[in-house]
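What follows is a set of notes on a single structure, which appears directly below.
When the chains are written out, they are named A, B and C in that same order, and each has its own residue count from 1.
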Amino acid sequence: MKKSLVALAILAVAGVASAQSSVTLFGVVDATLNFGSGSGVGSSDKTQLGNSGNNSSRIGFSGREDLGKGMSASFHLEAGINNDDGSGSTPAGLNNQGLTATGGGLTFGRRSTVSLASAMGELRLGRDVVPQFYNHIIFNPWGPNGVGNSLTFTSSIGGNGLTGIRASNSFGYFLPGNLGGFYGQGMYFLGENVKDGLPLQANDDNSGKGAAIRFGYANGPINVAFGTSRTMYAKTGTDTTGDITSRNLGGSYNFGVARVMGELSDDKVVRRFTTLTGRGGQIGVSAPMGAGEIRAGYSTYKTDAAGTPRSNKYALGYVHNLSKRTALYTTVARLNNNGGASAALNGAVTAANQSSTGYDFGLRHNF
Amino acid sequence: MKKSLVALAILAVAGVASAQSSVTLFGVVDATLNFGSGSGVGSSDKTQLGNSGNNSSRIGFSGREDLGKGMSASFHLEAGINNDDGSGSTPAGLNNQGLTATGGGLTFGRRSTVSLASAMGELRLGRDVVPQFYNHIIFNPWGPNGVGNSLTFTSSIGGNGLTGIRASNSFGYFLPGNLGGFYGQGMYFLGENVKDGLPLQANDDNSGKGAAIRFGYANGPINVAFGTSRTMYAKTGTDTTGDITSRNLGGSYNFGVARVMGELSDDKVVRRFTTLTGRGGQIGVSAPMGAGEIRAGYSTYKTDAAGTPRSNKYALGYVHNLSKRTALYTTVARLNNNGGASAALNGAVTAANQSSTGYDFGLRHNF
Amino acid sequence: MKKSLVALAILAVAGVASAQSSVTLFGVVDATLNFGSGSGVGSSDKTQLGNSGNNSSRIGFSGREDLGKGMSASFHLEAGINNDDGSGSTPAGLNNQGLTATGGGLTFGRRSTVSLASAMGELRLGRDVVPQFYNHIIFNPWGPNGVGNSLTFTSSIGGNGLTGIRASNSFGYFLPGNLGGFYGQGMYFLGENVKDGLPLQANDDNSGKGAAIRFGYANGPINVAFGTSRTMYAKTGTDTTGDITSRNLGGSYNFGVARVMGELSDDKVVRRFTTLTGRGGQIGVSAPMGAGEIRAGYSTYKTDAAGTPRSNKYALGYVHNLSKRTALYTTVARLNNNGGASAALNGAVTAANQSSTGYDFGLRHNF
């Protein structure tokens, strides 16, 4: 629930003033008891009170000012919270490269933007979600949250944690909303390296620079979208980093009794000497049931690394809404590995080619 | 002063909406000029602008949603502030073990919880105060604040700073409020270690796991409560950590002209090879006087370490309320050591068996 | 735009309550595309999405309580934001010495104070701007922001980043506002070192302790002020730190069609074996033009280090106000070095005695 705190205060205190001006305080506090288990040599299990199993815990401040003539300015500052221990969720890739927030302090790492909007669309500056990431979560029953989420992004080789999800120093553009169901956005972001004319080196001039787009069509029960992103990274002699290209195509159809969705994705990392590719897919369904919703999904991801490691995940969940803002939820997921893969769920460790099982039980409250 | 910001905004902006929904912004900014002096070889004095001499400086956000049928959901996010330098008070024991927030960023380390409540009581998940800690501060005239506070927790061997005060990853339960004066709460918290079936090691499976309870009776002028907590820690060959058990019993009687209070406490640390025990007690009185309050207290704590070190503290203070929200205050305390103890006040250093004196002068403002 | 959120909420919810009590949520989100270039051997250019090119990005909470009889209490908590990446602007000199916030978490490092005010003036405790710094920014068209700001503080040898701008552990006093145009403030701040009677050492007893004053006269079109500060630092054998004294004198005259301003400053660092001095000056003009403002300025700074290094800067800018709260802006600046100086603009690197050019293009939104 978002609330327009200030519109009223201004109206009433000042007597006049623009009702269009508002500051919104919003957030989510979501606590999850989660279990994860693995098997095989060296495996371990884990029980945790985690967070964000249904929706990402956060606190934020946003506002919008009407500038007249169809224009507006707005800001959005949003901090992730690890509410199991009170720390802030410190983002990796603050500079779209190796700079990481540390120490557990709150940052507006989920989003910190200032925007200008008109009938022509919106220009948005700062740190924000990379467009192509949306397809991973909009066409998955769990979005980015909990043990049920999709391997197409949790296993992705596509720079997850640097610019796979969010980018700093970004210039975003959003098409206006009145295009007959067509929507779209683009983003360009800077690595902010020194430009010194020197030849290839660890800190390449373009490292951390990138761009992404997403286009789609939503009309009535149907929603389909394509997204792609590319980020350049220094191609060092150690062959560990390189340019990352990610593409995905997702769609959903709402039958009323249930919403069916799916996504295909591929990622490519072009290093100095070698190239690594990954491919994934997911299908899912969410069905309202009384005050709740049932969710089921399957996702898979494989790469062409030695052995062609691959993981598959099945997940089943239920969300029980106590109100529009508050819900109880549970999810169970099982992940199978082969080709040498050893992905595991909820903090467990599993041996290569072994499976892992995870459970979530949680309480989510929006404010 | 806590304020229901949003209830109104919703009512007025939306015209309808639940008046029961509210978000509260609250806090304390408390600045303290404090002096500490020690004596003997190697001693040093200190003068500081500190904080929280009367009440712990903080900023917080909380809210409550009425779910109908006597049920409600709520959240509480509260960050400690070192307002003398603007940094956040970074909590130790984020994982109930060695993980500490660093760097001075704000965290919701004082409390970050989401709750469900009904006529049966409240279930609370996240980071919160450990129940047994309340007796240390409720039955002390200064609570946890300033140079007058009690040695029963400042000198405690009971894991102060890890789970002696607060615990992360916790499941709390509070009895409902209508039990004829009886009150109580319990807490269980997780260490979140890997469970790997391997034998004893530094990072033991159960390290950081614990539980605590507190039960009491408050009726008219009388209030009495018992609390106990136990946290398990890895028992390593270096014999430095071990399972910690703390117990305390406190009570107070309000004569109107003055409130008299006292507490007994003991702590035990069972390491791999050795056991350490500590015992403490405090008595105190607070008496309203015009717009202010006079406070006096004595506390003592000793352990069975070599020499049976012991410290005693006498403290005297006055709080002058400028309003319900704002106060000036001063406290003086004197601490004596024997048996090899060398506790000191307000950042001073004192030699073994020497005394230390501390003064606080402060301004506290609640919002 | 500052907003009195709570006054209203209290009035309406409680029906009664003091209308004088209020909590204000405020902030600035300012994103700047900036370019910097240098020349000569080893030089490099840089392109960044930065922040605070027009006004310092921040979020803050403040409030004021009327205590009656002309007295009031207030608090102010203000955190700097790097909105290009969402991190907090972590302050150096948390203890007026080497302690620095790290990790990118939010801190109230811009200001965290509690105050008592009466007809006699205001007493303010905590972390705040050092008085002498105001002359650098009030008598400069760009204030402290963007590529156009003044070399009198960006090149200052006066402890910039420790107590050159802000000080922790401070006691501030402000003259009341009704002195016929005369205004003034003083500040005293503590280094909080141990006082141990030992002879000179790295962590000298007085290191980080200091004081500052500022006095001025503002009446109609005229404003003139003098400021000075002194901070003591340990004078170690390595001769790198020492007592810092800064002085400045600034003035402005508003002709209506334009405001003309200027400042002279000097700084001195007295180390154990040597002394370093620096001198600077700036002149500037700002002229309203329709919905915008044109700005022009020149600043210079030189020291008596070997070669007497000196930098000069010319800057020209334009701010276009879309509303009272939102503006587009651009600034261009050129900096010339001689005497071995190598200062550069906007993250560029330039060789000794070479020049540097910088551009800012930005969007600033206040809330």
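Basically, contacts are C-beta pairs under 8 Å (C-beta built on N, C-alpha and C of every residue); 3 or more make two chains touch, one makes a residue touch a chain.
Since the model is a prediction, treat every value here as computed from it, not as a measurement.
The copies chain A and chain C differ by a rotation of 120 degrees on their C-alpha atoms, rounded to the nearest 5. Of all residue numbers used at the contact between chain A and chain B, under half are used by both chains, marking a mostly different-residue interface.
Computed centre separation for the pair chain A/chain B is 37 angstrom, with centres defined by C-alpha atoms. Touching of two or more other chains is recorded for residues 5, 8-9, 12, 25, 88, 102-107 of chain C. On chain A, the positions that touch chain C within their shared complex are 5-6, 8-10, 12-13, 21, 23, 25, 61, 63, 65, 67-68, 71, 73-75, 77, 79, 88, 90-91, 94-95, 101-114, 116, 125-127, 168-171, 189-190, 192-196. Residue ranges on chain B touching chain C, taken from their complex, read 1, 3-9, 12, 25, 27, 29-31, 33, 42-49, 59, 81, 83-88, 102-107, 322-323, 325-326, 347, 349, 363-365, 367.
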